[in-house]
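Heads up, there are several structures right after this.
Here chain A shows up in two complexes: once beside chain B, once beside chain C.
== the complex of A and B ==
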C-alpha cells in the first residue's frame, strides 16, 4: 500500500477508536449524571463513526492492487507479454523430452 | 522472494527450460540452485510447490550434465514419495537414459506397470533414440489409443506427423488437442501455421498455384488464426498468421468464392501489428518477429 492510502486508513482507524471511546464515555455520563436515562447517543458521535467507516473503506479501495481482467483474452494478453503462456508445455512437451540430445546441445555450448 | 518463486514456478509449468538459450538456462539454474541450497525453498514454499521446484532442479541439473546433483534430488524425491510414484518413475527413467544408456532405461521402463503414462512415454522416446524412428508414429498411435485424453501425447503425435510431412494427419492430431484444451490459443495458431505449410506442399506437389483445396485450406487457416487472437488479445503470432494467410488469399487471381472480406481482414491485421510494434506492446522476441513479417507482407 502506498503512502496516501496508508495515511487515510490509519487516520480513519484513529477516528473510529475516538468515536468508540466517546460512546463509552457517554454511556458513563448517562449512567451517573444524566437525569434522563433514555438519552440517545449524540449525533456527532454517530456522524464520526459513519465518517470513519466511510474513510476506512475509501482508503482500502484506494490502496488496493490493480484489478485484473476477468476477460480471458485480456488476461491471456498480460500473461503472453510476460512469457507465461499457460499452454506452452503443449509445444514443449516435457514428457517426451530427448534428454540425451538436450545434454549434448548444452555441453556443446560450453566448449 | 516472490519474484524468484514466480520465475521458478513459471519455468516449471511452461517447461521453458527445454528451449532456453544457454545463458538464460544458466541464470535459471543458478537461481534455482541457490534458492534450494540456501534453504529458502524449504522455508517459504508449501510442499506441493516445493517438490515442483525440486523436479525443476532435477531437469536443470540433468540437462547441465551435473549427474551427482540430479542423483541427490532423485534420492530425496524417492525417499519422500517411494519407488511406485509415477512422477518419480519418470525422473528415474530420465536419469538412467542420461547416465546409464538406453538399454538400462528401457529395462527399467518395461518393468513399470502398463498403466503408467509417464514411463510409457519414456519408453517410446527411448525407442525413437535407438534408431527405430519409423516406429515412433506407430507407437504414439498406440499410446493415444490407450490414453485418448492426454493432450501432450496428441501434440507429440502432431509434431511427429509434421516432421514426416504428413500435414493432414498432423492437423487432425492438433484438432484432438484442441478438443481437450479448447482455450490453447498457441495450438490454434499452430493449426493455422500447419495449414499454411500444407498449402505450400499442395502447391508444389500439384504444380498449380491455385486449386479449390488450396483456397479452402487458406480460409480455414485464417479462421484458426482469428480464433487465437480472439482468445488472446494482441497475440503477435496469431496476427502475423492472419496477415500472411489473408495476403495469400488476396493474391489469388481467380478465386472460387468472394474474397473481398479477406482484403479487409488483411488491413485490420496490418493495422493491429503496426500498432503493437509502435507501442512496443509485446515481448522483444515477438516484436522482432512482427517487424520481419510486416516488412515482407
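== the complex of A and C ==
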C-alpha cells in the first residue's frame, strides 16, 4: 500500500475511534447524568461514523493491488515483456526430459 | 458448442489473473465489512437496520470497485461484468455481525 492510501486509512480509523468514544460518552451521559433518559445519538457522531467508514473503504480500494486483465493474450504479453515464458508449464515437462543426454553433458563438463 | 464456449475458445482467459483479481476483491470485502460492523455497532443499529447498513456499505464498496479499481471496465478484469457487483458480496457477513454485536455492547455504557 502506498503513502496516500495508508494516510487515508489511518486517519479514518482515528476518526472511527473518536466517534466510538464519543458514542460511549454520550451513552454514559444519557444513562447517569441526563434527566431525559431516552435521547438518540447526536447527529455529529452519526456523521463522523459514516464519514470514517466511507473514508476507510475509499482508502482500502485506493491502496489495493491493481487488477490484472483476464484476457490470456494481454496477460501473456505482459509476462513476455518481463522476460518470462507464459507457456513454461507446457514447455518444461520433467516427464519428457532426456536424462541420458543431460547425464552425458554433466559428465563432459566434469572432466 | 454454445456461444460462451466459443467466445472463450477464441479469446481464452488467464487463470492466474482471475485468481489474483479474486484475491484482491476478497481482501477488500473482508476488511471493509469488518469496519462496517464497527460503525453499525457505534450507531447502535438494531435488527433489519443493521443488515440494511451492510447492504448499503457493500453497494458502496462495489461502486468503488467499479469506478476506482476496474475503471468502469469490469468485463476486462472478471469473467463477467456483473461479477464486480456480486462476487464475495456475502463473505463478510459473519465478520460484520461479529464486530456489530461486539461494538454495540462496547459502546453501551
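Note that the second predicted complex is superposed on the first by the 87 of 111 C-alpha atoms of A that agree within 3 Å, B and C clash if a C-alpha of one lies under 4 Å from a C-alpha of the other, contacts with A are read in each partner's own complex, and residues count from 1 in each chain.
Just so it is clear, a residue touches a chain if its C-beta (ideal position, glycine included) is under 8 Å from a C-beta of that chain, and two chains touch if they have at least 3 such contacts.
It should be emphasised that the depicted structure is a prediction, and the values quoted were computed from it without experimental measurement.
Of the two partner chains placed by the overlay, only chain C lies in contact with A:41; chain B stays clear of it. Contacts of A:65 after superposition: chain C is touched, whereas chain B is not reached. In the superposition on chain A, A:24 contacts chain C only, with no contact to chain B. Contacts of A:81 after superposition on the shared chain: chain B is touched, whereas chain C is not.
Contacts of A:56 after superposition: chain C is touched, whereas chain B is not reached. In the superposition on chain A, contact of A:73 is made with both chain B and chain C. When the two complexes are overlaid on their common chain A, residue A:3 makes contact with neither chain B nor chain C.
In the three-chain superposition model, chain A touches both chain B and chain C at residues 72-74, 76. Listed in rising order, the residues of chain C touching chain A in the complex are 11-14, 16-18, 20-21, 24, 27-28, 31-32, 35-36, 38-39, 42-44, 57, 60-61, 64-65, 68-70, 76-79, 103, 106-109. On chain A, the positions that touch chain C within their shared complex are 16, 19-20, 23-25, 27-28, 31-32, 41, 45-46, 49-50, 52-54, 56-58, 60-62, 64-76.
Contacts from chain B toward chain A in the complex involve residues 10, 13-16, 18-19, 22, 25, 59, 62-65, 90, 94, 97-98, 117-118, 121-122, 124-125, 128-129, 151-153, 155-156, 159, 177, 181, 183-187, 190, 230-235, 281-283. Chain A makes touch with chain B in their complex at residues 72-74, 76-77, 80-103, 106-107, 109-110.
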